[in-house]
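Shown below is the structure under consideration.
In this document, chain identifiers A, B, C and D correspond to the written order of the chains, with residue numbering beginning at 1 in each.
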Amino acid sequence: MDLGMIGLGRMGAGMALRLRRGGHRVVGYDPDVHAAAQATAQGIETVDTLDALVAALAPPRALWLMVPAGAAVESTLEVLHPLLAAGDTVIEGGNSHYADSQRRAAALAEDGIGWLDVGTSGGIRGIDAGYSMTLGGEAALVERLQPLFATLAPSAARGWGRVGPAGAGHYAKMVHNGIEYGLMQAFAEGFAILHHKQEFDFDLAALADIWREGSVIRSWLLDLSAEALHRNPALAGIAPQVADSGEGRWTVAEAIALDVPAPVITHALIARLRSRDGDAFGDRLLASLRGAFGGHGVPQRGETDP
Amino acid sequence: MDLGMIGLGRMGAGMALRLRRGGHRVVGYDPDVHAAAQATAQGIETVDTLDALVAALAPPRALWLMVPAGAAVESTLEVLHPLLAAGDTVIEGGNSHYADSQRRAAALAEDGIGWLDVGTSGGIRGIDAGYSMTLGGEAALVERLQPLFATLAPSAARGWGRVGPAGAGHYAKMVHNGIEYGLMQAFAEGFAILHHKQEFDFDLAALADIWREGSVIRSWLLDLSAEALHRNPALAGIAPQVADSGEGRWTVAEAIALDVPAPVITHALIARLRSRDGDAFGDRLLASLRGAFGGHGVPQRGETDP
Amino acid sequence: MDLGMIGLGRMGAGMALRLRRGGHRVVGYDPDVHAAAQATAQGIETVDTLDALVAALAPPRALWLMVPAGAAVESTLEVLHPLLAAGDTVIEGGNSHYADSQRRAAALAEDGIGWLDVGTSGGIRGIDAGYSMTLGGEAALVERLQPLFATLAPSAARGWGRVGPAGAGHYAKMVHNGIEYGLMQAFAEGFAILHHKQEFDFDLAALADIWREGSVIRSWLLDLSAEALHRNPALAGIAPQVADSGEGRWTVAEAIALDVPAPVITHALIARLRSRDGDAFGDRLLASLRGAFGGHGVPQRGETDP
Amino acid sequence: MDLGMIGLGRMGAGMALRLRRGGHRVVGYDPDVHAAAQATAQGIETVDTLDALVAALAPPRALWLMVPAGAAVESTLEVLHPLLAAGDTVIEGGNSHYADSQRRAAALAEDGIGWLDVGTSGGIRGIDAGYSMTLGGEAALVERLQPLFATLAPSAARGWGRVGPAGAGHYAKMVHNGIEYGLMQAFAEGFAILHHKQEFDFDLAALADIWREGSVIRSWLLDLSAEALHRNPALAGIAPQVADSGEGRWTVAEAIALDVPAPVITHALIARLRSRDGDAFGDRLLASLRGAFGGHGVPQRGETDP
């Protein structure tokens, strides 16, 4: 099939290449000329404007957005929407909030333009392993564009599927990432405990390798943990600051909105916030309070851990 | 090799059968005659007493304990220890506390009896898939008994290994289970959020299947979740009470003892405690307090959720 | 001073009475004729419409809203706003979201109408003990209306004050309630531990009384806990379901939005969600999973706790 | 009454002085000659050895231990026990584990020596405000020594009492401190949120003062928070490292042992561990993992927060 790919960063370029390998024609566009040039160098056909992209595809067109969630999706759609015709389809493969996807689907539908939101997982290694994809939108559209998903997925029949109407694909991805936060934090805590058990002087990478086969916790994130620990056993030089993108926060907000207790996913997020809290105002208040009622010495900046 | 297997429950019998398939000779013993009879029916050679078990094996003997952690291990070793000779080896494959294993190893060593503690993961499906095993004890012993581990493990060279001195194998297993609690809780929370998002009416089993291929959260526990949701999509009839065995508790205690913050593993345990807290005294106090200062109605037993 | 009190529920009527005792003239209004009648019976002057309320006060008027946050405030202001004149002041004493208060202040300011948001704490007992009040709005307005606050507060000079511009009073109250959730949960957990330590058979009410004097944890919530435990030592008949109003949720959302780790306040909220989670889908999935990999029995509805 | 006070640190010396003011005779002892000299300078009668202390008191003697929990209590009792006679009483006022107190009470009882464990709260300000005390031991002993407690407590009849047999006094204190951790953390989080809401530029000390009167969260810890924030509004120079003594850990362990979910108390402890976790191995592993699957840049030590 023919596809226009908007956004040629690590994820977008990887998907374009995997589609090309699968026999599809992909025309790419990225507002960042550097990214576009890199994609061209990798053999991807690119154009310089959204107009040119739309012109390069025969109707009914399929346009895949793979740009950062938020302002970039919004501004892209502002330009793209008027260029499209009834029967065209916008596929949003980024990490947008599901309510934004519902709103965008409705706006495009007013002009007869189709919509699919795709919760895409697998990361930068998906170019070879395939991408896991949860799709939200009309079943007929999913069926028509099936060849694209069959190529992008790990296998033609598995690792992808429609999960509901517009918004459902991104909702599922949001929860996927919430789960991912919890899984990552569980592994991080476990390896931290092992690391601090100096008595046994564990070789963490070797231990992780053992668990990769046959254990209850075998998983791709364990595979990656093993790799990371082989590469840098002491994790030397890495700053203990863990970023978070919106999806963990949205999952926590959704859980609360639905009255669902989700302590572990929530704590995985809070642990990331704490990792970046250079101010630690609350901890300083606690240290001060302990001095006030208990007569304990108040630790001063520059002192070592009391 | 020859091996005496003490404990012929689901795990012990499964290991005995896998070893037999691999060409080893296994003599089994279980104080529960019903369990012993079942094992015999499965083709495992069994004896009626620990004396008979020791007599049935030529020195240097290898005796594998696969009995419930705690009192059962303690009482078995009390009887077994005097029956053994220098050069024999006790292999403890259950979920004992690592400090107990260190103590037992030292006691046996006084009589020249070897010790290996094996943190065994994989559950009841290990009979076919193999067991993941972390070994604690002397390297020379591990090397001598290597054929047993090569057969029990998912593959001869992978999924098992020595991770340190006596105790280290069980320590690693303890942390493994702590991680497992965190992973399970993360999946449980994620699926609960999806279940409660009635707007999308997700088919959870189908969604889990998509993620099993290519997603960041692909894992054996996700495979099992998918199976569970296919088997019983509404989880009908299942009581929301989650048991915990000692290893989660020990992991939490170790984390605190080592000053390692482990909020997610800890919360996975607390969530299990909460699931079984029929009394909920604290919640009742809170409901009463809200009435006291806010004039809110205090919910009464038998009323619906306020 | 003269004041119009809109909303004559437990809080509004209590404030009206305390103001009257302090020598102020209060005209009350409540759309619920039952509430209005009750207030009249308590000696509060009431009128039947907002028009009548505005007519009953001489400009510049002060109108205090004490109605449920959300739709009630919004619809009241829709009617009230056009009735007011430049120089009048709206005082919003409920538990509105601070951003709503900022928006409402700006809308009224366009017509020269003043605004104060008052974070009111103290509950239904404030009628005698006084109300703690954090004020958001212009300093000049606070100064002009000072006599009202001096009467409502526990003492003329303490327990109330301006904390910032419009919105700040409600923001402070939001955080106050977040802290309150954490304090309440800490007490609830502590008393639950004591309750379950059957070996000591503690008299919880007597124990709470001891702590009320001189201990580090002495506090009004401890006073209330002692009262609750004296009244009903076993908390018999009270359902373990703890409601939450918006402010705890908003505090959690704000903490995340500001990248501030707030695990305890967050968990106090999650514990309330859990107390009302009759479905417990996640726990049922966990129980099912344990059966799948460990061969553990899956508890069935109607069985006792495993 | 006459009392021997063993341990003349901040707490022991304060109690000795309060008892003297109340008309009791106190003979003090501290193995640290510096502490003893300071107490002497404050007007406390001191002796140089435990022998001298016992000799200075007429039977039946009352000896109050106010030394650090753990080894100091153990070694003091080893020396003291043989010096005492049937009818004497040991009062342990420190923060010992309740099970140690039960064991010590039983050992002393074999020689007819009485025991009271006193959970003492109030901190260093108790010298003026009085100490809150929960007593474990025989009721007859409590009655006999009542004059001491009446003087030490905030008032003769309140703020102290017997709560159960030996061990119960320290058990109650343990839970008191667990609750205290939760309360402190709730305040710390609330003030941290306010501190980071730059838009409102709150004066935290002034805000705390408002809440001290009439609010639901009024409490001694809020009073101390207000003082701390007046003294040092930015908490400048204070290191964000919060120590913990055993009682928080024991409360968490007890909650788990009793199957009582205590997420807030537990998290208050974990937050303290995190505040001192200079290694943050888990966070570094997470940062590394994010790079591995998402292609995100891995933050390096020395870089600013990503």
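Everything that follows uses one rule, which is that contacts are C-beta pairs under 8 Å (C-beta built on N, C-alpha and C of every residue); 3 or more make two chains touch, one makes a residue touch a chain.
By chain, UniProt protein names: A, B, C, D = Decarboxylating 6-phosphogluconate dehydrogenase.
What you see is a predicted model; the values in this text were computed from it and never measured.
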What is the minimum number of touch steps required to go from chain B to chain D?
1
Looking at CA centres, what chain is most distant from chain D?
A
Would you kindly tell me how far, in whole Å, the mean C-alpha position of chain C lies from that of chain A?
39
In whole angstrom, how far does the Cα centroid of chain A sit from the Cα centroid of chain B?
33
Can you check how far apart chain A and chain D are, centre to centre, with Cα atoms defining each centre and the answer in Å?
47
Could you list which residues of chain A touch at least two other chains?
123, 185, 187, 189, 192, 196, 216, 221, 255, 259-263, 267, 270-271, 274, 276, 282, 293
Seen from chain C, its contact residues with chain D in the complex are 121-123, 126, 129-134, 153-155, 158-161, 163-165, 167-168, 171-172, 175-176, 178-183, 185-187, 189-190, 192-194, 196-197, 200-203, 206-207, 209-222, 251, 254-255, 258-265, 267-268, 270-271
Listed in rising order, chain A residues that touch chain D in their complex are 10, 123-125, 184-185, 187-189, 191-192, 195-196, 221, 224-225, 227-229, 231-232, 235, 237-243, 263, 271-272, 274-276, 278-290, 292-296, 298-303, 305-306
Chain C residues touching chain A - in the complex, by the definition given at the top
216, 249, 252-253, 255-256, 259-263, 266-267, 269-271, 273-274, 276-277, 282, 293
